[in-house]
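Note that chain A is present in both complexes that follow, paired respectively with chain B and with chain C.
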Partner chain A sequence: MEQVTEELSDTDVKLKRRKRIIWIIERFIWIVVGVFIIFGIIFVPGFKNWLNFRNILLHSSILGVLAIGESLCLLTGNFDLSIGSILAFAGILGALIAKWKIPSLITIIIMLFIGLGAGFLNGILIRKIKLNAFVATLITMLAWRGTAMGIVGGRTIWDLPEGLRLLGSGTIKGFPIQILIMLSLFVFFHIALTQTKFGRHIYIVGDNEVAAYNSGINTDKVIIIVFTISGTLSAFAGLLMIGRLNAASPTYGSDILFDAMSAAIIGGISLHGGIGNLLMALGGVILLSIISNMLNLYGVSPYWATTVRALLLLIAVLLDTIKRRLVRYE
Partner chain B sequence: MNEKVVEMVKINKKFGEVVALKDVDFTVYRNEIVALVGDNGAGKSTLIKILSGAFPPDSGKIFFEGKEIFFKHPSDAIKLGIRTVHQKMEEILALNQTVVSNLFMGEEKTKKIFFFKFLDKKSMLRESERVLARLRINIPSLHQLVGGLSGGQRQALAIAKAIRHRVKVLILDEPTSALGVRESREVLKLIRHLKNSEDISIVVISHDLEEVFDIADRIVVLRKGQNAGERYTRDTTKDEIIKMIIGAEVM
Partner chain C sequence: MALTSVYADEGFVFGYSAPGLGDEGQMNIQKGFEIGCRDLGIKCITTNAQMNAEKQLRDIETLIARGVDAICAVPYDSKAIGQAVKAAMEAGIPFFTIDRGVLEGKVVITVMADNYDAAAQAGMALVRLLQGKYHGLAKGKILEIMGNPAQDVAQLRHQGFIDVVSQYPDIEVISKPGYWNTDEGYKIVLDVLTANPDIDAIYFHADLYIPGIIEAIKAVKGTFKKVGEEGHIFIVGIDGNPMALDYIRKGFIDGDMIQPLREYGKFIVPYIKAYLEKGKEALPKPGLIVKEGSPYFPAVVVDTPHGLVVKMKTYYVDKHNVDDPTLWGNIPLEKEKLETTK
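== the complex of A and B ==
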């Protein structure tokens, strides 16, 4: 009997220690962001002013919108490779439609529906045609990029109507609208993920799809909806991008996929699904922006940012492995 | 005792050329523990999967409380009150989610605000505490991730998850096969406690005759996808059941 209690208190201590470590790992990304900001303030000339912080957030906004969709897909344990292409495709079509003098609001709605349709198609290919998510979205990634290129013959469309530019380049009292949009989307989807039934189903499907199915969760529906959201957000990011640059090019977002994915993973969203949250992904987005901002201020070639990102990714993936091991019973 | 809850009649199932079940009859009476035994490949799991709605039989009829039923999806069986706890824990529990999240998987309690179904976390927590107390299951923290629980705790949690609602038929597929001796005993105690405290019929699939004789009221034997006989536990011996399982002697 005595032995049993001893055993118990021993596991109790272990549990507590593990909980503490997990607590730290879950907030790791924001700790790193904090360290980088302090480092920047002290050592990087030109880092410590409001305009620069605004730039960092501005740089984060389009990436952030995409990272939300990608994070949702990753949480279900699936990749979405097509986000950058949907961004470009919706951007090009939006710019073309705008040339017909159609009201901007309608153009925007059409763009969002294009993204919604493209995301839905991803979901159907994956769940109904049963293609591997990686392959399915690789196909649509090429398809939308190619179609966008083909429609305009690779050219850029300039000069968009003001209504289309508003969200991407407008400001409220000097503060860029797109930053506000990005932050509100994060808050919205964070609440949806943590406080609603659908959000919980995303985690469960990602953690254990068989268990989810056995429990009566409609796993196909969850995944199709998640990809549809990702597609819609990608089109929305396209709207922000053409608005910011007052031009639509079919090459937009051609490597933003890797940024969005690394942001999510660096933030701590597990590639295996079911672990992580959007606030961590937001941390990842901001960290990436801070790093490229610092290298920029230092006059270092932006290419090195990619190398730094590789290191961060490595650390993030190692932390994920450690965390998975820590929660296991031994 | 003689009220039939489930009656499966002349069930046939083929997988390609392989005959998994041939004209199998299986009945579950009210508030009994019936053990389904047989060698590997005898068709136990196939029969149970048909009863839990995982796939339909090629032919045969299933009656539930006297009415014929057809399942399209496991949720149809769940709606009627037929719940299955699968053999593999990894097919039931999501290890990186909390105890409460697992207990309510797929049946989360919600409050509707505008269009969104917000989780009612408080009431789920309260009900989790109640269910675990009802089953006398001891889990330190309900906010703990299930991955941190022991094998016995996980099995108990899986059973708790299945019978959180009013369940009429609980199917346990090899409930102790992955557990140690002490943990097995705990789970058997839990199964017996369930039968005595609730109006529930329990189907146990097992390899372990010791265990079967310990808890079952009735034993149904399958061999090579066919009925090989059935006995009340009190009227039979392990030898007789073993003979049925391996087909050494015609009944």
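== the complex of A and C ==
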């Protein structure tokens, strides 16, 4: 009798330990963020300052909005390469329309519809034309960027109307609106992802598309909606960008794709789909922002920035593999 | 294999190889060349290497195969372009470059701006402005927003500036790379200005940084103090596009070094034509080229192992001369023609 009880508690202990490990890994990004903050406070002059923390959140706002859309695509087992181009195109079109004296509210709505349309197009190309996500979003990435370039001939549109810039550069009692918006969007989509049926469908499709389809889920619909959301969020990020810079250029968002994907993956969202959540992505966004902020404050050679990011991405991908393997055994 | 021109009596055909046409600078440089050709009755074929050194080599091979009379390129990679130069020479097609030089091979003429000199002039301008603020003392803190530090343009614009400013021991410079990205520039100003509220001046490598600089100052300080107002941060940089001139007029930035982007093409096309018709004697001689009324001259001509190099001057513009009609930023592209300064 005694032996049986001992065996049971042995398995119990192992399960408890595995659960604890998974708990840590899922929140690992926040542990890393904590470490970096402590490092920054001790070693980086100017870091320990409320205004600097606000600046870090300002670094995060546009990247954060993009990371939400990209994360949703990643969760379904796809990815969106066109986010930067949609950002630029929506920005350029919004600025042009605003210069024609169209009221700001209507301009904003038009910009969001452009993003919606662009995202919907991505979804159709992937699910109905059956291109894979890489090819489809690569094509649209080039197309939107090229169109933005062509429309303005490489020129920047500057000096934009107040109303258009409100969300990107406005403040409420001194606190930047763009940060509030970014955080609200994270909360909204996190709840949508974890508490709704649609959110569950996203995970099921990402984990195993065939099983999802066989269990009656309209996988096409799920993926098309996810890409539509990503496109709309990219256009919204474009609105924030032109708002905070008070100018629109067809070159905006050229390098931000890498950061958005890095943030999601470093945060813990799996490249294979089905694993991760938006709080992880937020952690990844905050971490990247802390790093870029520290590099601006500290006199490091600019070449180290890329190396540090590459190392972190490597660590994150390794963790991702371990986590996937552990979860499989549950 | 020597290729002779197919259009022997129909006029010349020039090939233009752009490294990329995705930014305002390269578009204006290309337009300058195109306008030069157009006004002399020369046909111009343009290729776009889309920021890829290998594609540029293939583009130039295409131009060679089409039998153009001359090739003018803005090298994407000043070393890799050497292969293209060699191929063109073997085909009997003279090779020219504008905006950037070559580090391998020998071309007929290179026309470019003196980035080092532009940076030095910007440095002098800021020293003067600081002296004005500190009652004759050259002291203060300058934030430098660099381009991509791996590129020679950014390196020259950094070095020219530093070599001037470092002669004043009481001036401190903080240099950060913006990688030619407006939002990166915004973040740099945000972070550095918050940590160093005593920044007196900002020096930027390209006009594209301007909107971000101004908005970041607003975000950190709460308001933006214009030129002449108490608490104004001096802002000086390089390029000279219409947006920068507008900001100078409105009193947001202090000055800008005008890069004669359209002039490279407009200057070199007549020389290419003359070289094809008369040979070496038509080339400019080492020394100075003076052109009355043009702010980009006298240009310095130097003979180098990589060919003849013509370096045009860059020109400091502030609120006093911002409305000068000869500045390219004040001339819409549609109105551009070959002889705009006479």
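In the analysis below, the second predicted complex is superposed on the first by the 311 of 330 C-alpha atoms of A that agree within 3 Å, B and C clash if a C-alpha of one lies under 4 Å from a C-alpha of the other, contacts with A are read in each partner's own complex, and residues count from 1 in each chain.
Heads up, the rule we're going with is that a contact is a pair of C-beta atoms (placed from the backbone, for glycine too) under 8 Å apart; a residue touches a chain by one contact, two chains touch by 3 or more.
Everything numeric here is computed off the predicted structure, so don't read it as measured data.
By the document's definition of touching, of the two partners only chain C reaches A:52; chain B does not. Touched residues of chain A were counted for both chain B and chain C, and C has more of them.
In the superposition on chain A, A:176 makes contact with chain C only, not with chain B. When both complexes are overlaid on chain A, the residue A:203 reaches chain B alone and has no touch with chain C. In the superposed pair of complexes, A:195 makes contact with chain B only, with no contact to chain C.
By the touch criterion stated above, A:212 is placed in contact with chain B alone, chain C being left untouched. In the superposition on chain A, A:187 makes contact with neither chain B nor chain C. Chain B contributes residues 73-75, 78, 84, 86, 90-97, 101, 105-108, 110, 116-119, 140, 144-145, 147-150, 161 to its touches with chain A in the complex. Residues of chain A touching chain C in their complex: 45-46, 49, 51-52, 55, 58-59, 62, 149, 153-156, 158-159, 169, 176, 241, 244-247, 249-252, 254-255, 292-293, 296-297, 302-303. Within the complex, the chain C residues that touch chain A are 21-24, 26-27, 149, 176-177, 179, 181-183, 186-188, 190-192, 194-196, 208, 211-212, 214-215, 218-220, 241, 243, 246-247. Those residues of chain A lying in contact with chain B across their complex are 12, 15, 18, 192, 195-198, 200-201, 203-204, 207-208, 210-217, 274-275, 324, 327-329.
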